[in-house]
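Comments concern the structure below.
So that you can tell them apart, the chains are marked A, B, C and D in the order they are listed, and the count of residues begins at 1 in each.
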Amino acid sequence: MSRARTLKVGIVGLGRLGRRHAENLMSRVAGAELVAACSPLPAELEWARAMFQVQLQVPHLYADYGALLAHDGLDAVFLVTPTSLHPQQIIQALQAGKHVFCEKPLSLDLEDCRRVSAEAARHPQLKVMIGFVRRFDASYQDAYKKIQQGAIGAPFMVYSQTCDQYDPDGFFVKFAATSGGIFLDCSVHDIDLARWLLGNPQAVRVYAGGTRAIHQDLQQFQDVDNGVAICEFDNGKIATFYASRTMAHGHDTMTEITGTAGRLTVGSNPRKNRVEIADVHGVRNECLPSFFERFEDAFLTEVSTFVDAIRREQKLELTLDDATEATRIGIALRESLLSGQAVLL
Amino acid sequence: MSRARTLKVGIVGLGRLGRRHAENLMSRVAGAELVAACSPLPAELEWARAMFQVQLQVPHLYADYGALLAHDGLDAVFLVTPTSLHPQQIIQALQAGKHVFCEKPLSLDLEDCRRVSAEAARHPQLKVMIGFVRRFDASYQDAYKKIQQGAIGAPFMVYSQTCDQYDPDGFFVKFAATSGGIFLDCSVHDIDLARWLLGNPQAVRVYAGGTRAIHQDLQQFQDVDNGVAICEFDNGKIATFYASRTMAHGHDTMTEITGTAGRLTVGSNPRKNRVEIADVHGVRNECLPSFFERFEDAFLTEVSTFVDAIRREQKLELTLDDATEATRIGIALRESLLSGQAVLL
Amino acid sequence: MSRARTLKVGIVGLGRLGRRHAENLMSRVAGAELVAACSPLPAELEWARAMFQVQLQVPHLYADYGALLAHDGLDAVFLVTPTSLHPQQIIQALQAGKHVFCEKPLSLDLEDCRRVSAEAARHPQLKVMIGFVRRFDASYQDAYKKIQQGAIGAPFMVYSQTCDQYDPDGFFVKFAATSGGIFLDCSVHDIDLARWLLGNPQAVRVYAGGTRAIHQDLQQFQDVDNGVAICEFDNGKIATFYASRTMAHGHDTMTEITGTAGRLTVGSNPRKNRVEIADVHGVRNECLPSFFERFEDAFLTEVSTFVDAIRREQKLELTLDDATEATRIGIALRESLLSGQAVLL
Amino acid sequence: MSRARTLKVGIVGLGRLGRRHAENLMSRVAGAELVAACSPLPAELEWARAMFQVQLQVPHLYADYGALLAHDGLDAVFLVTPTSLHPQQIIQALQAGKHVFCEKPLSLDLEDCRRVSAEAARHPQLKVMIGFVRRFDASYQDAYKKIQQGAIGAPFMVYSQTCDQYDPDGFFVKFAATSGGIFLDCSVHDIDLARWLLGNPQAVRVYAGGTRAIHQDLQQFQDVDNGVAICEFDNGKIATFYASRTMAHGHDTMTEITGTAGRLTVGSNPRKNRVEIADVHGVRNECLPSFFERFEDAFLTEVSTFVDAIRREQKLELTLDDATEATRIGIALRESLLSGQAVLL
């Protein structure tokens, strides 16, 4: 490992996912040190204070984002904030000379994506990475490597789904107004995976359909709880997506990549662990409840990758252009869902 | 079992599938007796002659379809002929007072489908069944029953694929000119399954995409070797289809039905049998080579169902309207593939 | 297919398994014809009468075994009778010049096995086959062929289990007094498979243990409802057996064959069919309820193999010596269970 | 988390497994700090020096065990040394007032086990734990909890195997002289699991068999490369074990626990990750190469559990008596293998 200086990191936003990043940065990522936390919510700052104390560290807590950016010696920020804040917060951090890790999606607005890219271009020495965590999962990594090695010949088709377990509380419905809809919220991961695994082809046309199987209250947001889509790329590459909020059995993220000489499937059965049960229900396995358990290790690898890239001054494979393209395709899917027409890109 | 009279059956067309039907009718279907065979091809009649002789039966062989229909005491015909001949042959048989089993698809032309239905309506005492064999597979039957029993709540989404093993000889390409394209040739099964499993909803809009991953020579027929499609029905039901001619591992027919309380998957791994191999390649199972092995038992059940319905004068669940609707949706998929536009139905 | 004369067959014993053999012989086995049935039980003969009538055949029914053997033109008998009757009935049939198919096990008594072999040796033109049905299952056949082809290198170890679903009625307990115990009743199949798959090694030592997990009433018969055993053969080959009467999930017959270059497993998950269910219980498949469903096709192949061997005058691979050896090892297992000592063979 | 003082730990032995423990202790275990390392091998100390330096820590390195024990402020030692050294090193550490974690097995000699227990009894304030790592695996933990909750009724039977991938270098053969043989080296894990999962029954009789499938050179050590065994406990509980050095497909550790109402299987397919491959070899998954990958997380949990128990002054569930009992049964298995007789305990 490089003996580069340990990075001083500040985190912004300490909801469920923010806390995971904070805990990873606190003790599990070599070369990084969490030195400060920022949130407008007192409860989130309270959580941070306790966490720092357990680790016998001085808690530097900020309610104001600008104050965090001014924290002495800060190298990088982690933004785990509402999507609508991403573009401005990223730009502000870059202007303050900080590296930025930001949760997906980059933005729901294409113009905002481009503003961020333009600002990033002015700071070539700073890293910006959007959290497409699935790329960092060991199984997706293995699939990617196998494709590079020619294991399935020429890959030409992807089927990818993000299916969440049904939540009787309909927690996500609260965020439906600002989530951008099911394709920008969920399928954005599948879009990014499809582009990555198919060798970054250019999307040329999309079509989407959807239904409200359970959550009729999504109608007010013109959103659906189950959506399917076809995305055609140049060079005859195609992806099909499925996103759902209503799975009975658990969180079911699955991706299939078909090539001229074989097919790889990542996550065909969302097994919780290595236990199999044989009883009156048959032979079965329990399933993962959410993306949190599914991508627990990947969240750590993602952060380590980001930190290493900064310390070793290496290029990140995952770029802002990737994030912008995922948003661009996601927006087109939403348009198609609303219009009932194919959308050209 | 009913003690009704044994049906006298004649078969028309003795290619690979015709021979299977002939063998089933010869010795494995209670209540039916194969008494005659018809083909314009001498080699096919030779095969039939030998088969009759092995069974110590008199071979009645006809090169002419009209002559077969005139065979003394004939009750029913099995048409395993080119699709373009189906409509006229069915109509002729009905007019001759014969029950008709005909291979799928009914026709590639919607007007022809309607002509057949009109003729059938004039002969309410005669049965006509199109061979959507998958409905008769024990696993699909089990899934259907479970859905009826409410096992997955309200079913609202189907994913169904028909993926053939890659054939280096490109045998199917020869038939591409008359097959109607991948959706009418392959997906027609998935269309029928989706309608059946979702409770016969009305299709309202379709969209299709496709690619030529290997068989570039399909371009002359405006056909593809891999196609995907979305079919939206009324009441918020949706189906996604995938058809392929290029699988490396075998014949992979799979259908997933999702409801508000669960999901059923039929055929998620096209296992050849119950053997599992652990060796340097990992832990694996061999796969079914073609639909012939996959639906071996279903072909027999299909014929038995047809024969029983005639002998017991029972209504067939699978109707000509089902076959017509499958063709109608299949045609719309082809149109969408060619136009790049969604097609309203 | 050979054009040899159709065999006239009589069946003896029409319990559950006898009926299956009768139905197969009646209409599904080419080259054989069921012409007569024999049973001391009026209800069983009634069933036979009805079956013959449905098939529009003359019912020849006998309460007396000697009378059946005297049936005009009879070629072969199928014995699906209590094990204690097997030896004498086989000998009687041979002396009457009939081929014999007899259900497993040949006998619970080694001396009886030898008497049968001696009698059979006097009638080399007659076939005798004991119904070790698993050898005729397509998956076991595939495993056997793969081993012959060297797929797993040199096979040296077998794990094989016969585990029945728990029957709250404890039906089998009634037969415990005469079944010979769990090893002679159930493991006798696994013993035969192990010998077959390992290349007919000679057993040299066995050890067995067991427990009464649920059926305490088996104590009176010195029997157990769960038994395990190790059987060491010459040349360093080893088999481990497990038999159970108390499975919660279904009938679970499984065999694993390990060689120097790989392992084959037959039946690792007793899937009922190709349906997979994803619901609140996880991802699961239902299981086969009994050996009847598991070996439905194998029972037919078994009978066809026997009939073909007679008609084509071919040697049977499965011999009386195999059946005798299975009994010999089964007896040694029972002895070991009772003594707590290893038993040398 | 407790705010107890951070433990100062020294490690002894830096082979493959020692290094893993060292790395975990260095940066991944909350509440512990690796402060010193000990090895008689210069190369191992070199590795330790580099590791300390990467972490910017002062390397305290000792060639002598006594010197390590005298290290200022040391709280605990981790012994990852040859089995023959375990008893004396544990006793010495206890006498020096240190907590002890020691790799399995405790010893190959029952008298030594008892000496260790006696010494430990004199230091009730010190923790001693033997590294039966499988108990700390998330899947085994889940199975254990399910059993406690009654998921399978009363558990009465265990099948457990430890099967290593074939190593053409025969690395393990070098250690065969001192490993105690396959049962004490490998099955000792399965013995411990069986006792734990069956509720700590008392072993009453064992029988073992084995073969040399590939490694004929084991004959000089009276050892085998594939061994099977039956262990009968009181109250009608039974375990069957299988250990192998010759698997073609990978490391295959699997445990099945059967109860009166169901069965749990841990590790039925040693999947490497969530990738499934469909190609000319069929549908398959790659396998775990060794116990290192299989139990990567468990090694960390194991250490954390030990550290937490010390810091929170909690009782360890896994005791020295468990380790002694595993050795006692393992010795009996070896005796049975050599004598060909059942061994009473």
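Just so it is clear, a contact is a pair of C-beta atoms (placed from the backbone, for glycine too) under 8 Å apart; a residue touches a chain by one contact, two chains touch by 3 or more.
A quick note: this is a predicted structure, and the numbers were derived from the prediction, not measured.
Enquirer: Rounded to the nearest 5 degrees, what angle rotates chain B onto chain C on CA?
Expert: 180
Enquirer: Sort out for me whether B-D or A-B is joined by the greater number of C-beta contact pairs.
Expert: A-B
Enquirer: For chain B and chain C, let me know how many angstrom lie between their CA-based centres, rounded off.
Expert: Here the centre of chain C sits 38 Å away from the centre of chain B.
Enquirer: Take the average of all CA coordinates in chain A, do the same for chain B, and state the distance between these two points in whole angstrom.
Expert: 43
Enquirer: Taking each chain's centre as the mean of its CA atoms, how far is chain B from chain D in angstrom?
Expert: Computed value for the inter-centroid distance: 57 Å.
Enquirer: Going by the touch rule set out above, which residues of chain D reach two or more other chains?
Expert: 152, 247-249, 261-263, 268, 272, 277-280
Enquirer: Quick one: which bits of chain D touch chain A in the complex? Just the residue numbers, please.
Expert: Those residues of chain D that touch chain A are 1, 3, 27-28, 30, 54, 137-139, 142-143, 146, 151-152, 261-268, 272-280.
Enquirer: So in the complex, the part of chain A that touches chain C is made up of which residues?
Expert: 247-250, 252, 269-272, 277-287
Enquirer: How about chain B: which of its residues touch chain A in the complex?
Expert: Chain B residues touching chain A: 152-154, 156-157, 159, 205, 207, 209-214, 226, 228-230, 232, 236-238, 240, 242, 244, 246-249, 258, 260-263, 268, 340-342.
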